[in-house]
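Chain nomenclature is as follows: A, B, C and D, assigned in order of appearance, with residue numbering initiated at 1 for each chain independently.
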Amino acid sequence: MGKGTVILAFSGGLDTSICVPLLKERYGYDRVVTVAVDVGQTAEDINTATEKGNLIADKHFTIDVKDRFVAEHLFPSIKANGSYEGYPMGTSLARPLIAEEIVKIARAEGATAVAHGCTGKGNDQLRFEFIFHGAGLEVVAPIRELNLTREWEIQYAQEKQIPVPVVKEKPWSVDENCWSRSIEGGKLEDPAFHPPEEIFHWTVSQEAAPVTPAVISIQFKDGVPVALNNEPMSGLDLILALNTLAGAHGVGRNDMMEDRILGLKARENYEHPAATVLLVAHRDLEHLVLSRQELAFKETIDAKWSELAYMGLIYEPLYWALTSFIDKTQERVNGTVDLKLYKGSVHVLGRSSPDTLYSDEYASFDSTTVDQCDAVGFSKYYGLQARLLMNQKRD
Amino acid sequence: MGKGTVILAFSGGLDTSICVPLLKERYGYDRVVTVAVDVGQTAEDINTATEKGNLIADKHFTIDVKDRFVAEHLFPSIKANGSYEGYPMGTSLARPLIAEEIVKIARAEGATAVAHGCTGKGNDQLRFEFIFHGAGLEVVAPIRELNLTREWEIQYAQEKQIPVPVVKEKPWSVDENCWSRSIEGGKLEDPAFHPPEEIFHWTVSQEAAPVTPAVISIQFKDGVPVALNNEPMSGLDLILALNTLAGAHGVGRNDMMEDRILGLKARENYEHPAATVLLVAHRDLEHLVLSRQELAFKETIDAKWSELAYMGLIYEPLYWALTSFIDKTQERVNGTVDLKLYKGSVHVLGRSSPDTLYSDEYASFDSTTVDQCDAVGFSKYYGLQARLLMNQKRD
Amino acid sequence: MGKGTVILAFSGGLDTSICVPLLKERYGYDRVVTVAVDVGQTAEDINTATEKGNLIADKHFTIDVKDRFVAEHLFPSIKANGSYEGYPMGTSLARPLIAEEIVKIARAEGATAVAHGCTGKGNDQLRFEFIFHGAGLEVVAPIRELNLTREWEIQYAQEKQIPVPVVKEKPWSVDENCWSRSIEGGKLEDPAFHPPEEIFHWTVSQEAAPVTPAVISIQFKDGVPVALNNEPMSGLDLILALNTLAGAHGVGRNDMMEDRILGLKARENYEHPAATVLLVAHRDLEHLVLSRQELAFKETIDAKWSELAYMGLIYEPLYWALTSFIDKTQERVNGTVDLKLYKGSVHVLGRSSPDTLYSDEYASFDSTTVDQCDAVGFSKYYGLQARLLMNQKRD
Amino acid sequence: MGKGTVILAFSGGLDTSICVPLLKERYGYDRVVTVAVDVGQTAEDINTATEKGNLIADKHFTIDVKDRFVAEHLFPSIKANGSYEGYPMGTSLARPLIAEEIVKIARAEGATAVAHGCTGKGNDQLRFEFIFHGAGLEVVAPIRELNLTREWEIQYAQEKQIPVPVVKEKPWSVDENCWSRSIEGGKLEDPAFHPPEEIFHWTVSQEAAPVTPAVISIQFKDGVPVALNNEPMSGLDLILALNTLAGAHGVGRNDMMEDRILGLKARENYEHPAATVLLVAHRDLEHLVLSRQELAFKETIDAKWSELAYMGLIYEPLYWALTSFIDKTQERVNGTVDLKLYKGSVHVLGRSSPDTLYSDEYASFDSTTVDQCDAVGFSKYYGLQARLLMNQKRD
């Protein structure tokens, strides 16, 4: 009699595939249930995971959470101008949701433990285990715990009759959901190496982009996009449409040095066409409707929200309080932003809002508000303490 | 016997030109000294100011402070990633320097007052007067105080034999120095209006930019650029060279809603090719050499520095303390950034530094530092309090 | 035919009393309506205002808003640990509420303008006028606009048969509501002057306080006090009871340099016994129930909330967003704090909460959570980047 | 042939004493060198450590770093108003200095490893190991790694002829240096337990304090205290004198819930008479000499500095940059603060400074600066955007 059922977060790749027999042979579990969570990977990846899971596990689930991903993680991230160290987050936003689906199935299947295929160097082990530990579940991480070479893994897979992709080892590591595609590892690790064109799948090169720009408009309500070119769309459809459209214009690449949670710096390349366009548009609209005080302070709020989201700490109570702040400001983030997509860049052309704080009437200084001479009084008090200090120094 | 000498900040335009006779006739000054401060306007503008000042004022000075502008204001702004509400500042950085030159000449000429041609709606009156009041000088602002129409001004100028530009009233208002060119007013005031191509002088349109990208490298030392493509250059030369080069690739335009100091929102268009390139490169290099803690906290520092710089409050003692913080961090901001300029955008291709905090050796987890299993311990403590709360909620 | 009705914020003092005839004679209003708003001044002050208003104005209102003051301003201030430059705010919290009552009566009486008796040096003119201007009302400020001496005011009052207090000019200026009493002016202006005992009315001296301490407990729910020594009380009753009790133990004095809104530094003395006790207790309870991340970040939130509240800018939308943040955190601020009041100080003795994040079970490190050896792994990653830098320096 | 020399941080208590033989028997070191670092513990504690180290180790060092502790850690902490979660830090400030002395001796003695006696629950293991790992030294932590009971430890000590204190196990755990004394553990762990008088050694109870207050003055230069009652003193002497004086008046106790680095909440009691008095005085003086902008922003700086100091991360480069900020502001923190110590509390009576930003001349509004009417203009712009929003809502 073994240790019962373990639920394995499953991608269909070599690492998570060999975890299935390993969890039985090395860890003593009786039953391995694989779960693939669809957050917008390619259909091919999801199909592979489903087929392989059905083939090698005792039970397999493929769960589509794309709409929930948009509603609960991507929309909040738009409201928060969600970016970590300057670039839109993607992978980190999907991890808690995946982990929660695993937990749900663990409860339903009466599992005693959950397992993942992460290594001990990255962020995902921490994001997953935060949810798993918070749920009180035992965690197994074979890839982190056993020191396996790729050769050993392939041979072991063949012994266990697990299909191994015939392609040779990929020179870089990729993660993908409907918001973002990350490429890292191999030669890309060198911060000075210029990334080759072949690493990009969602975006064409600037040079290959069409010579005619796309001019689009995005409509926002309560801080989230609700229509593209005035055509109402679900969040998921709008994001997918923008990925295609902006990607075709070469928009949405980033190359950066990123500080991982454990403290290591890593070079990362990203593609996120929709995210780039939506964040540019959202931020521009905020500058039309939010007060200067809101704009300045919300930068601090957004940065902290993004840090927690990057860390996967979505149950840290600070995350909820930050969300309350953000949601309150977004009630007035309504309107339209016009944008031009062209040869790898996005530019705002104009914006309008029923909640605008720009007022041409106000700017005309009518008598009940302010007149030019009031500025004299304002100026007399401007920088008063600094001027006192200047006077002291002069004397 | 009148009120003595007044020093007038002089651009050679209609407003400041008619201030010369007005300061005598309306304000009773005996002598008007005009001062044009060269912070990198076009040579034509500086020449016009010089000729006109010599023609109509009792005495005129044209003072070239471009190198000091770079050293004392633009370089610090690069170190601080200086941007206000998301875009590189320009006009605001030049104002205190101009005001200080006026004050120097006021002292040298024994003037009792200083004058400027600003209106009562904008930022510049406040930036100038902060320095003037801090110097204990009386301030006169004829354009703000007298309600003059353009027609009246032209007729008055003709009476006083002041040359009036034959061109009809410009449809927008422009300010220029070697770091930035701003265009505002007229139809551009409407936030939804798409700006016409003709407002831009420093940058070609994306469509008109060459089909061949420029790949360049910029070398930084102590946080400031010291060489372009490994060729050492003075700061001013490097900025001018980048304005030309990046401008020719359509790089460096911005269209934004800006919150002015007095609280009004205004739509602004900017050109700043060198600033765009240098800030992208500088920020990228910081991500290679600064610690995560420095990067996260410096965002707050940079934002406050930028706010004070935007307000022109360079003698606010907080500005000095922020500068001390920034300078300390910049000691390690040394290295090279490779960039691609193409069709209106700039992308980082790679970066390197003798002070890099990226370490491939470190990433390989040798025994004296960390191994993969240490992450297990780290993970056990990760988000501990939030997990305790999750446990409480579950029970 | 004059300018119609004006509503005057009325205290019954000499300044606001002479405003009644001045508003007719100098400003041309037909009708002056006085309004005294009761935010917890002494009964004597309110009675004086009521009697005098009824005597000299065309119509008078005395409006009791004490409960609303507690619910809408003091309770939020407790949740926000509301203090400005280190001391609990009081006057500033009452001003917007008073102004709003004035606006309501202005609407009801069809008034064209509102008036107040503030000078041009202080904060209250700005707090009042923010609300008045925001309501679109014309504002008249006779005391700021006319340069009146006290002698002239007394003679004018006598001419107009307005009762003048026989007491000689008070050597300091006092403001009072149920949360705080401020004393400023006269000799107290000198920052080095030691304040005499006579300025204090709510608190006994430390020396005169009883030799037996008071040990009390305060119960909080959702961040606000709901019971004293387990006896449920309305907010107002609890505050009044604590003012008496803590005041009798000499608790709640402050002497500080304060930066006024216009930029001047002023020396202020305060009494606020209930505020001192409640803020100490609230902050202590927060440390038991909020996460470290919440505690650290809420300091920034509280400081900004307090700054806006001090400035009276309660309709700045940032104020609402900060309030949303704070309210979210306060859902778990429930429990009891035991305190000792003695000879001018308050000390926390112990605290408990159903929402505590302290866990003795957790501290015992059971196997499903963490063990001592996990700390080794944590330690391996602790300060990683700084250590890399230390290594670089050493080499 | 064993593993060479190990350097042991040595307190003379049971834990570190048994580490001496354990490091040889269990860990295989040839030679154990003990080091006691004097940061202001009681003379008795230092003597015990010295005697015992000389008795049982192969070599022993006792090193007095009290003056360096004051100059390099306590003075910076005063400048930074150094407090963690509301209370002056102490233990954390001493740890890096102790660790550095250990590292120095490790280099001098050619040691291959260093050892400490910390458990796996607390902060000190992390603070020590940050320095040790940064120095590239191997770390041994027997108490954390071996699961020893107190009974086993006593018997083992007796076997090894190590003197064991005859006193029974102390009911709480104490740490002490010249800045602070902490008491924790046992019954004190319960947040609701009222601490008994016996835990305090540096401060008398409020009730036992003299009936006559002490009125003192402290002189500051560049943000640090240089004289007491106008008598110049070394930092160490001044701190020791204040510990005695304020402790005799019952000043300087704190009872709090503290969030430890690993995330656990712990109840702590502290005594720090000098720290309480100096931080109150320093903060008060800052309010006289720093600008409002400095004061508001320095709160954020101080909080971050304190967080890093609490964590012992004094080589994190952010710590250096924060220190640069702070030092710049402290150039003007000069002057005198008068204070009253009485029955457990300290109150500021008055303050003065050659760098004061309070100006009675300024407050009198002479013509070249501001007059009362200028406030009208200021008020017209006050809260402009919020008022626009109020107008929108009203319409």
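What we mean here is this: a residue touches a chain if its C-beta (ideal position, glycine included) is under 8 Å from a C-beta of that chain, and two chains touch if they have at least 3 such contacts.
Given the structure is predicted, the values throughout are model-derived calculations rather than measurements.
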Which of A-D and A-B has more C-beta pairs touching across its chains: A-B
Rounded Å distance, chain B centre to chain D centre (Cα mean): 43
Geometric centre distance via CA averages, chain D-chain A, whole Å: 40
Between chain A and chain B, centroid-to-centroid distance (C-alpha), Å: 33
Per-residue overlap in chain A, given as positions that touch at least 2 other chains: 133, 136, 259, 262-265, 291-293, 300, 316-317, 357, 359, 362, 369-371, 373-376, 378, 380-381, 383-386, 389
Topology of the chain contact graph, where touching chains are joined (line, ring, star, complete, other): complete
Residue ranges of chain B touching chain A (in the complex, touch as defined): 85-86, 119-121, 125-126, 129-130, 133-136, 141, 144-145, 189-195, 206-207, 211, 213, 253, 255-259, 262-267, 283-284, 287-288, 291-292, 295-296, 299-300, 303, 307, 311, 313, 315-317, 338, 342-345, 347-352, 356-360, 362-363, 365, 370-376, 378-380, 382-383, 385-387, 389-391, 394
Touching residues (chain side chain B, partner chain C) in the complex: 291-293, 355, 357, 359, 362, 369-371, 373-378, 380-381, 384-386, 388-389, 392
Complex contacts: residues of chain C adjacent to chain A: 133, 136, 138, 259, 262-265, 290-291, 293-294, 297-298, 300-301, 304, 308, 316-318, 320-329, 332, 368-369, 381, 383-385
